[in-house]
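Order as written gives the chain letters A, B, C and D; numbering starts at 1 within each chain.
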Amino acid sequence: MAPKIDEAELARIREQLPWLETLGIEIAEMSEGRAVLTLPASKDVLRPGGTVSGPAMMTLADSAMFFAILASIGPVEMALTTSLSINFLRPPPPGTIRADCRILKLGKRLAYGEVFLYAEASDPAHPVAHTTLTYSIPPDR
Amino acid sequence: MAPKIDEAELARIREQLPWLETLGIEIAEMSEGRAVLTLPASKDVLRPGGTVSGPAMMTLADSAMFFAILASIGPVEMALTTSLSINFLRPPPPGTIRADCRILKLGKRLAYGEVFLYAEASDPAHPVAHTTLTYSIPPDR
Amino acid sequence: MAPKIDEAELARIREQLPWLETLGIEIAEMSEGRAVLTLPASKDVLRPGGTVSGPAMMTLADSAMFFAILASIGPVEMALTTSLSINFLRPPPPGTIRADCRILKLGKRLAYGEVFLYAEASDPAHPVAHTTLTYSIPPDR
Amino acid sequence: MAPKIDEAELARIREQLPWLETLGIEIAEMSEGRAVLTLPASKDVLRPGGTVSGPAMMTLADSAMFFAILASIGPVEMALTTSLSINFLRPPPPGTIRADCRILKLGKRLAYGEVFLYAEASDPAHPVAHTTLTYSIPPDR
């Protein structure tokens, strides 16, 4: 289903999260319960060896969940991460990282979801990392 | 005990992690099994409302564990996060965030530790976030 | 694909894990990379209110990952949990709980997977809990 | 400080959690924000090799947090685990396991804490496992 947020609202919220711009994070898809984001492998996020850094992948996963929530309930910019758990499964090959978030539970006050991170250059059957997240949703939205 | 890494090695490794400079992350203390790092509340990491962003705190916690490992076993720059789990306990008041990492197990191939994050402006009995992390240590160091 | 463990080996390993019998945990399906187990809602695992207890669901999820590994690599009874993370999403209605485990990475020394827990009586689109697990695989198997 | 629950209430709540009796879990200490519990190494919880099973340690950790909450806010038997994350750090030597829980945040609706698990036979500086937990606290208590 169509996301419950329009382009203008999305642009306004993106401006409040300047690290998205800094890292080059882009939204590839948004629909109810889902968001797909990409992170380019710029030199600012690479570790020695050419691997995208852990914190950059955490930022990407956290952002993917945020936008999946916005796609599901509208422009609730004060939704906040309450917990995040990430497991790195294999070093990504050089190149763009894609985060695919799916919301597993959307309650009134809490949302829970998972994010698979993939290297665009590699087999989609082999995620490079897996994340689970809980967000709190403000009661007064 | 004194950290097992000298200033020159530390400076060289910091250069490989440019996001430390970008975020203004500084090392306040390093000793065997421990590291304390700080993150200033610059506008680039603030969410609406003046709260330091979740990803910035994750980056700080991850960095604290990395330097606690380096303090314990020397300049092993290829130590990599294999998992990180963070719980946000209260919104931090405006100002610097301090991360205090303690290694709970240092094995040959894996290190496990916890990081408490505090707002400098607030009661040290009330951490703003708590993180547990596992790092893999390369066998060929 | 067919599981890499036969009925006799499976029976032998089950005997070494007496809590499976105590709780009434049964294996419903096993194939490479996957296992489905069930836990009946006996009075020994119910909390006040008729909800299956958290620890019983953790035991079920942990067992599901164990048997998914055995299905994938054979009778490696010394495979051990190194970490487990569970999120409870909604109180299960009374009745049997089903755990569906899928291995997301099977390395030489580590396996990582996720387990969805469902109440048999309720909508399969609404898991009651979600678990991620890492197991270590002994090198000398 | 003294626990906010008396012996009679404690006995009544223990009866509702029959797995405590089955496993032989005992409460060694309770005070505000803290609880220490023990689990004997009975044959029902041992894996091949004489190691206490993962699920038994999870049950112990989860129980420790439950009683730390009861010690802090009184007989709130409907407090429920919302998430648990455990890392196993070293195989415990044979013998009793002790769980030491400390609450890190006690809010109106959520409590967060950590539990260190120790083998009584071994060095207290070397926990065998580390757990973090979130509990929900019913609003109508």
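Convention: a contact is a pair of C-beta atoms (placed from the backbone, for glycine too) under 8 Å apart; a residue touches a chain by one contact, two chains touch by 3 or more.
This one's a predicted model, so the numbers in the text were calculated from it and none came from an experiment.
Chemist: Count how many hops through touching chains it takes, at the least, to reach subunit C starting from subunit A.
Modeler: The fewest touching-chain steps linking subunit A to subunit C number 1.
Chemist: Taking each chain's centre as the mean of its C-alpha atoms, give the chain farthest from subunit B.
Modeler: Relative to subunit B, the chain with the farthest C-alpha centre is C.
Chemist: Could you compare the number of C-beta pairs in contact for B-D with that for B-C and name the larger?
Modeler: B-D
Chemist: Tell me whether subunit C and subunit D, two copies of the same sequence, contact each other through the same residue numbers or different ones, using over half shared as the line for same.
Modeler: The interface is built from the same residue numbers on each side, given that over half of them are used by both copies.
Chemist: What is the distance in Å between the mean C-alpha positions of subunit B and subunit C?
Modeler: The separation of the two C-alpha centroids amounts to 34 Å.
Chemist: Distance from the CA centroid of subunit C to that of subunit D, rounded to the nearest Å?
Modeler: Distance between chain centres: 22 Å.
Chemist: What whole-number Å value describes the gap between the mean CA coordinates of subunit B and subunit D?
Modeler: 29
Chemist: Two or more other chains in contact with one residue: find those residues in subunit A.
Modeler: Correct list: 83, 85, 87, 134.
Chemist: Taking chains as nodes and touches as edges, what kind of graph is this: line, ring, star, complete or other?
Modeler: complete
Chemist: Where on subunit D does subunit A make contact in their complex?
Modeler: 83, 85, 134
Chemist: Write out the stretch or stretches of subunit C touching subunit A in their complex.
Modeler: Checking each residue of subunit C against subunit A gives 85, 87, 89-90, 104-105, 112, 114, 126-127, 130, 132, 134.
Chemist: Which positions of subunit B touch subunit A when the two form their complex?
Modeler: For this pair, the touching residues of subunit B are 16-19, 22, 43-45, 47-49, 51, 53-56, 58-59, 62-63, 77-78, 80-88, 91.
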